[in-house]
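All remarks here apply to the structure that follows.
Letters A, B, C and D mark the chains as written, and numbering starts fresh at 1 in each.
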Amino acid sequence: MNSLRADLSIAVGGLNLETPVVIASGVWPYDPVLWSPERLEGVGALCTKAVSLQPREGNRGVRVWETPCGMLNSIGLQNSGVRGFLKEYLPIAGKSGIPFLVNLVMESEREVRENLSILRESGDAIPAVELNISCPNADCDGMAWGISPESAARAAAIARSEWKGPLWVKLTPQAPDLPAVAKAVESEGADALVCGNTWLGMAMDLKRKQPVFRRVTAGLSGPAVFPLALRTVWQVCGAVSIPVVGCGGVSRWEDAAAMILAGASAVEVGSSLFADFDLPRKISEGLADYLADAEIPNLAGLVGLGRKEKEGGRPWAQD
Amino acid sequence: MSCGGGSPRDYAAAVLGHRPLGDGSGLLAVRCGEIASCAEPGQFVLLRPGTGNDPFLGRPLAVADAAGDVFKVVYRIVGRGTALLASKRQGDPVTVRGPIGRGFFSARGEKPLPRKVILAGGAVGAAPLLFAARRLGLSRIEKTVMGVAGKGWEGFAEWLKEAFPGVDLFSGDGTLGTKGTVLAGLPGTLPADSELWACGPQAMLSAIAAHYPRDGGRILAALESRMACGMGGCLGCVIPTVSGNRRVCVDGPVFTAEEVMWNELSSC
Amino acid sequence: MNSLRADLSIAVGGLNLETPVVIASGVWPYDPVLWSPERLEGVGALCTKAVSLQPREGNRGVRVWETPCGMLNSIGLQNSGVRGFLKEYLPIAGKSGIPFLVNLVMESEREVRENLSILRESGDAIPAVELNISCPNADCDGMAWGISPESAARAAAIARSEWKGPLWVKLTPQAPDLPAVAKAVESEGADALVCGNTWLGMAMDLKRKQPVFRRVTAGLSGPAVFPLALRTVWQVCGAVSIPVVGCGGVSRWEDAAAMILAGASAVEVGSSLFADFDLPRKISEGLADYLADAEIPNLAGLVGLGRKEKEGGRPWAQD
Amino acid sequence: MSCGGGSPRDYAAAVLGHRPLGDGSGLLAVRCGEIASCAEPGQFVLLRPGTGNDPFLGRPLAVADAAGDVFKVVYRIVGRGTALLASKRQGDPVTVRGPIGRGFFSARGEKPLPRKVILAGGAVGAAPLLFAARRLGLSRIEKTVMGVAGKGWEGFAEWLKEAFPGVDLFSGDGTLGTKGTVLAGLPGTLPADSELWACGPQAMLSAIAAHYPRDGGRILAALESRMACGMGGCLGCVIPTVSGNRRVCVDGPVFTAEEVMWNELSSC
């Protein structure tokens, strides 16, 4: 990305990102043959598919379903377990030169502790961990940890005690009081918050006259949810002082700019990659042009700029 | 043109021609050299049929033929996306991702080609078999059997006869060709040094698999599944196989019948 | 709608609807000249724009904003007050022959009491009331009433005591525990629940580098939210036995069918009318064809059909 | 064709012709008899430019001309919707709602037409004035003043000269016509028995309003506002006026300058 008209590098929660565009968990393959670094133009970091202690088969039945400007998924955390991950993926991941975050399933305290102690064995080869307390698609109740401030704090505290490297915690928009959850996680020492994951939705199969997904509900993502995700980013950025990474529905550079103006330091991009592999490059170029045109010297100068006081000095409503 | 690895890319392409086949089906020619020159039979593209983000996901469509810088797809209207396909005109822009997946030839690994291949297609499942027939050459085709529902498939059936000279046509309601399913046109056991390449509705494929329980490895089936990424990342398209979940998009869409756990497939 | 292939009539919360397609509050004009009954083909009932005790100016600044497959609005309950309503609108509304519901703003207990006592003066001319405890766009905190089971119950109880006619209560999807809110409102004697209203979102103005809306947040509606709304309909229908009216993102007959399969007795259609005035007719025709093809004798036979047990007798997850 | 009331309807129409004017602007001819035969100058349509639900809302576009069963619109690319417009070809389907709103003639109520009308347009605000000029007749036009930004508007300016013979052209950067705003081309006070009809950016309209503080009622301005329904239902498009909030879609878009509370307008 040498051709960018502005410097997009930014430090976020212990990682130095060349651009603020992070590939969200669960959308990029592990396979070496599919994993060619030149596909990652404009990408600042990459989150792995969720990694659990034991291998998981994931959910049966239909797993993805199109919706207006979005999609539902019920993958259910299929993965080959932390050992499989280290064997299959780690050797490749390092090669791209782009920092990655291991997206960690949180089923039980024990699981996270063991998982992190196994990851620790790889030392510096693991640049960062993204603790997922927000997956709506598994029986393990992965999301339950992210619902209340107390349980979220507990999850963050455990992870923090086991992992000294960069720790991002991925929140769920299903939390009734998301700013409170965010504060709780911040106070336990997380380095950054990812705000957020998919939104709980559902689809009905009109032919079979029954829910499409075996688990009935599934996670909504894609451009459809962007206005909702932006709202949560605004709220969370008003509540904490650690960096926030916006996630949900980013499909254009304008969306990334909006989240950064609202206070995010970076954004994650998931489903919209399905529509366009080249999106990270396009977002980075768009952001760089936007900065250059506005004569803002660096990306940090854009972070939270949209929260400045309104005309007349009245503060923005923060709810 | 070099066809690098299995990693599909996105191309801004254009419709070169559109031949309606009647009853909401048709043949689209798309100019895209990168895909046309690299695709093998059984591979497919993800085609985004609209503007903006609605429809959101690309539609998987088998490559039905490819030559020079043009590839073809055959569609039948089943929903919004295919209805948009049916409205395409020459010159219309389309975004295509491809070529995707493991085709018939690749799925066989290093094995030498068999002397004879039987082609069995159901409905638009004929599409990849047309491309396969071209690449196999007439002399290697033992037999071509095609099935359609019947009423409402007249135009499509005409095209099948044109595209597959000598095709054995079956229809469920008996209005086109012989009444029955493709099974009725298939031999009881596979002749020596032959294979059966099939594509069509899941029910047809699993019936074929059940029909040849001992011919493992010689039956290749191109499967369908709902997809999001078409590049192996989302794990949305997996099917149960004897070696665990496999992705239809990059591990398939062509599988040997013996790999697939037919009884545990959920309908697409 | 005599040409329909099936009978779509259904009794919902004290109203007999000819079709289950209700025009949602805030999208249809009061003006006689714009109000021609033949525009209402396929419509079973119509909700008025929110009516408050005193006239309200509504919000300043940008009021509507397009989003992917949807829109944000921050109208802010502009209306000419209940007296204005009775004078301007009542004489016309009756003429269409289609039952209407007065969408009632709930700012304070006193407001609702007075409002309903004024409406009572019109006797039978007011077919039904839709109590709005879910508006996210006004300083009056209209939504706050719908957030907790206790306050929602209180709102319903007050309305119930002042209004003996059909009473629908319109819930907000922002409630952290929507099924609990639904049960609480049911237990206070509401005749039907409308599930739900808009979803709290936001937009950023990249030119001015500030939020688009003066109140920052605004209500998201349209096809984008359909999967979310369907999920809430499923949840609420599992919690109550009074009729539920699905609302949120209905833009095709398939959406209406999905909500009815999930347990709704009718649906409300809002923003998608902006894309197509003829939508109610198309939805009604689509539903009638669906019933006829499935040989289901009447619409009631479709209500909740998608909740039947899964194969193997295992119940659907209800969360 | 009978033009019933003020209630717009939705029509499935088709693009009859597209004339690019350069720099991302162009002229689209749309075949739709119901709108063409009923529209008056100042009225507009809501045009849905894409497929499916994205873009979701119709784009307001002034009727720039109408004859027989064809009406025209002039666009300039500013975002997604207008970019889609720019890609339309003959035969492409478009959904249009219209005709919408109170035009220049209706906004005057029962008053007899003035002897002379001055037309003042900014950028694509020229569109409804073209239609107005046609209906007023050359003899009634006192003067036509148009303003554009300058660089990047060359093609559009050429078209302005062709469409409005004798137009006085101004540009902000001086590269086209005279340097300055339309105000420079307008008289200090309005001649007797004349009116000024204006359409353009809000800043231009409010400057005009401020320029003629005492000519109340003789200045008609066509305003813009973000819209959802285009039929008076959503109250999304209101502007503050001396008689409270008024809807640009059905109470306007043409207002007398004295009605509008210019200082309280928020930018669109």
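Keep this in mind: a contact is a pair of C-beta atoms (placed from the backbone, for glycine too) under 8 Å apart; a residue touches a chain by one contact, two chains touch by 3 or more.
Just so it is clear, the structure is predicted and the values come from calculations on it, not from any experiment.
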### Query
Hey, which pair has more contacts between C-betas, A-D or A-B?
A-B
### Summary
chain A to chain D, mean C-alpha position gap in Å, rounds to 45
### Query
Just curious, how far off is chain D from chain C if you go by their C-alpha centres, in Å?
36
### Query
In angstrom, rounded to a whole number, how far apart do the mean CA points of chain A and chain C lie?
34
### Task
Quick one: which residues in chain C touch 2 or more of the other chains?
67-70, 222-224, 251
### Summary
The positions of chain D in contact with two or more other chains are 52-55
### Query
If each chain is a node and each touching pair an edge, is that a line, ring, star, complete or other?
complete
### Summary
Counting only contacts in the complex, chain B reaches chain A at residues 4-7, 9-10, 48, 52-58, 95, 97, 226-238, 240, 244-245, 250, 264, 266, 268
### Task
In the complex, go through chain D and note every residue touching chain A.
52-54
#### Entry: Footprint of chain D on chain B - complex, ascending
49-55, 80, 84, 87, 89, 91, 93
### Summary
Per the touch rule, the chain C residues reaching chain A in their complex are 67-70, 72, 176-177, 199-204, 206, 209-211, 214-217, 220, 222-228, 230-231, 234, 249, 251, 254, 257-259, 261-262, 290, 294, 305-306, 308, 310, 316-319
### Query
Residues of chain C touching chain B in their complex?
68-69, 223
